[in-house]
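Please go over the structures that come below.
First chain A sits with chain B, and in the next complex the same chain sits with chain C.
Entry: the complex of A and B
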């Protein structure tokens, strides 16, 4: 039985490695910049959703305010670079740490709330963050920050001529987010989080300090999302409050996981692979003048999934564990 | 050390607004005992259980476990100190497999996954759930869920196991295997305090019975004496029936 378990863990790792290897060679054949752009976004949203999934999927604390951490990551990197000339790599780590600390600071009052009240609190707090950045003159207020182009370099993490470096970074980010999830899944934290999600009272009776478990999940989740935000700032090289901290970013982080399978290892990536290209394609082909059509497709997809397969698409691929056991 | 009782409640009160659920309850449970906590509905058994497990602090009084005052400690810390419990209404981790449920408990003693997993498998075998290890908890039948509650609590290696109506609502056969399990648990050196409704099952099993009524300790003693006590009979059946006893 244990060997079965170890085998399935190893199988996940091998599948991930193979998929990453395949993904790594795809852009060598697909030269179209538009398609490459979609691939970058898909990987980025996959990584973000994977990070969101740690707090909301595994630990069950549904957050619709993760745009806050995304924005903080983006702003930290952009501000440090434009104001102090600090390299984006340090901004990335710094933004991650700041977000993790803020997530815990906010968790302190918010994790006393349950269910819907917690969700509402996350939305409101992210909106407050958005308003603060809107009015913060030093940080560019509503005008945002233009990240000056200083030439292509890995050191400054800027590339104007090719999207490939961004692609490989996004791929690395997705791999890291996946691997962190994989690793946490079979750690004490992974078990504590799922116990907290299923039944906090029972978890507490088994020695799980529920509050600390939630704080841990929030910190890891916020850190990774902020790194994604840093990346995004470099990728688009211009940020303003709406474009990195708007509510739609919080939703976009949640949806791939919900579509693919919330609280599962593969769900977020699977969801992103389906959702992001669909959104981008509908936006460019039937978007334009008829704005919002992409959102209709989006919404339709979510409704279809929640009706047909509420546990997420990932269930279609994995053999049911209980059947295997019998 | 070994002569001191494992658990003592000293003058414990619990009020919920105007309702007094426990008033001045002082009980003690010795090491290695199986003690039954019985009483009619609303006697305050579950409240007392929650106070001992640390779900809520008593309004007044103190709880001493293993020679230490644990009154102020939350449930998770009490579990770490050696208080394991089951819930009257089962609280399985429904989206997790049976083995994963038990691993959560085992992680209190060892955070090395390999050890926790091995321990969890041992406990499942002990509780007769070995073949069901990889089934989702939500797919278990009610009697199996009760066993899972016990297994999960045992995985935390408790010194004191609090069983809240684990034998209630089972078929006679299931109840019998349940009784055997409780005996087996005691034989491994775990002290058991159990709340139970069904007198004929509990009485042969427990070393000592404590009867609660209206939040107070009514009678305490050997099971055979307790069931004959007029006060107990009147508490359960009304005063009329107590006269002949």
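Entry: the complex of A and C
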């Protein structure tokens, strides 16, 4: 039987294919390195926010501590590569798995907490991680890690001549995060998560194992964010605790989803496509003075969108979709 | 480590803790009133510190004298923030929680940007204030005078707040509104007015804290960020919605911080605070005195 929901899901998939295909050819025409850099960051933040959205949007467990997983991904890759010469690809998977395990370990006590108590617990746990890395001499402490250039190849995941490979990896990551969300949305887990978000007691009484579904969401979300962190470490080739695990990162991960539409399939990407270029452009055109005008524009944008469109911008583009997702 | 050192650092921790309580109480008050966490709370502290600094730099008004002025200015500022931003954020039909978090967080970023724009990112300090750098010695324990006065102000502020909430008409209106905002409208209390006054009062309290802090802390646009997280932890530790939980939470945070600093490297002193928060909420998910 072809329901409206099934039809709209198929339409989403087709739209995603078309958008990905268009995105894939754009850098062949746009050669400007500065613009390519913004595109890489946009895709990366879109992917991160999409992953954050799985736990915080669909499952309703607002985390403002995802910088922890981002940092663990970045550090795992960078440490394995610089200390033991392990290829970043293994670091990426390893960092993802470590993050997923840590997310479940932390979820065990934290998922009993509600509301602001949970949010603050996620913030302080990430802060503890940040402080520990700050004081961990073997991992470079506050100075961080400089990732040496050992080549220019997909094998070593280092590219010195062009940003294009980074762009394609970020695009692939965004596609994977989107597809995982798309697939989970119509799976048993997806329905459980939304039930847990709306009313955990009612969900429990109907046989949803609330605790396990939160754990599942946390693991998937942390894994994908850590892969993003690994990518970021290779992309910028220098990391320190503040630049991969700071509280700002947790907020930046949440922002695109919140502005685009939290708990929606397209919200995080839409939010990133609007927010990241605006941030980068204001930073380079008016932020150069170091006088904070970029912050004023950026903060003003956040206030304006969150007050004017509390349900996110996504409803402006796909009004029908929102109904279907309910 | 002698008994002397331990008593010394616990005494300093206690004084600092009372100030943490004063910083956090505005947050607790606003949350108790309308279930909103102000993510720009640290920036409220920051502008209070700048206000104190400029009153000192331009008019040579000592922070102790300007504290009431700064508190009054912050009162107006808090009420205006409620009327211009928060009033609309709480009306949001969808994602109420996230809209509150991110509209006040957006405000925090704007305020930091404005501070950078007008005041530059330079570090400022109030030099030659009456109390700055002075200490008193009680039985061999040295206590800095600014922190001593700060602790006294904090205790006085909590006492005043207790009186205010329990003994005045506005205090009763505040209590009634937090119990049932819909019902108070029926007896002719304007909900928006009470909320605006609540925001004003919360901001005035952090303004008082900022004036005292400016005596012994550097003042820069990001200064609020370092205290905001401590304030959230303080409030949550005491239990959201409990104004006097913030008082107890502040003292605990101050003592834990001092103890951690004795045992671990100074850069890790915040870890103790965070660990105690986690331990407390894992055992009591609503904080020590949380009511709901």
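Basically, the second predicted complex is superposed on the first by the 315 of 326 C-alpha atoms of A that agree within 3 Å, B and C clash if a C-alpha of one lies under 4 Å from a C-alpha of the other, contacts with A are read in each partner's own complex, and residues count from 1 in each chain.
Following the convention adopted for this analysis, a contact is a pair of C-beta atoms (placed from the backbone, for glycine too) under 8 Å apart; a residue touches a chain by one contact, two chains touch by 3 or more.
Source: prediction; values computed, not measured.
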In this superposition, the partner of chain A with more touched residues, chain B or chain C, is C
Quick one: classify A:303 as touching chain B (first), chain C (second), both or neither.
second
Does the superposition put A:188 against chain B (first), chain C (second), both, or neither? first
Review point. When the two structures are overlaid on chain A, which partner does A:202 contact: first (chain B), second (chain C), both, or neither?
Key: first
Touch check for A:175: first (chain B), second (chain C), both, or neither? neither
- Message: One more residue to check, A:210. First (chain B), second (chain C), both or neither?
- Response: first
Within the complex, chain C is touched by chain A residues 62, 109, 112-117, 119-121, 123-125, 127-128, 131-132, 134-135, 247, 251, 254-255, 258-259, 262, 290-304, 306-307, 310-312
In the complex, the residues of chain A that touch chain B are 1-2, 4-5, 186-188, 191-192, 194-195, 197-199, 201-210, 263, 321-322, 324-326
Listed in rising order, chain B residues that touch chain A in their complex are 53, 55, 74-77, 79-80, 84-85, 87, 91-97, 99-100, 103-105, 107-108, 111, 113, 116-118, 121, 133-136, 139, 152-153, 155-156
Chain A partner, complex, touching residues on chain C are 31, 37, 85, 88-89, 92-99, 101-103, 105-117, 120-121, 221, 225, 229, 232-233, 236, 240, 265, 267-268, 270-271, 274-275, 277-278, 281-282, 285-287
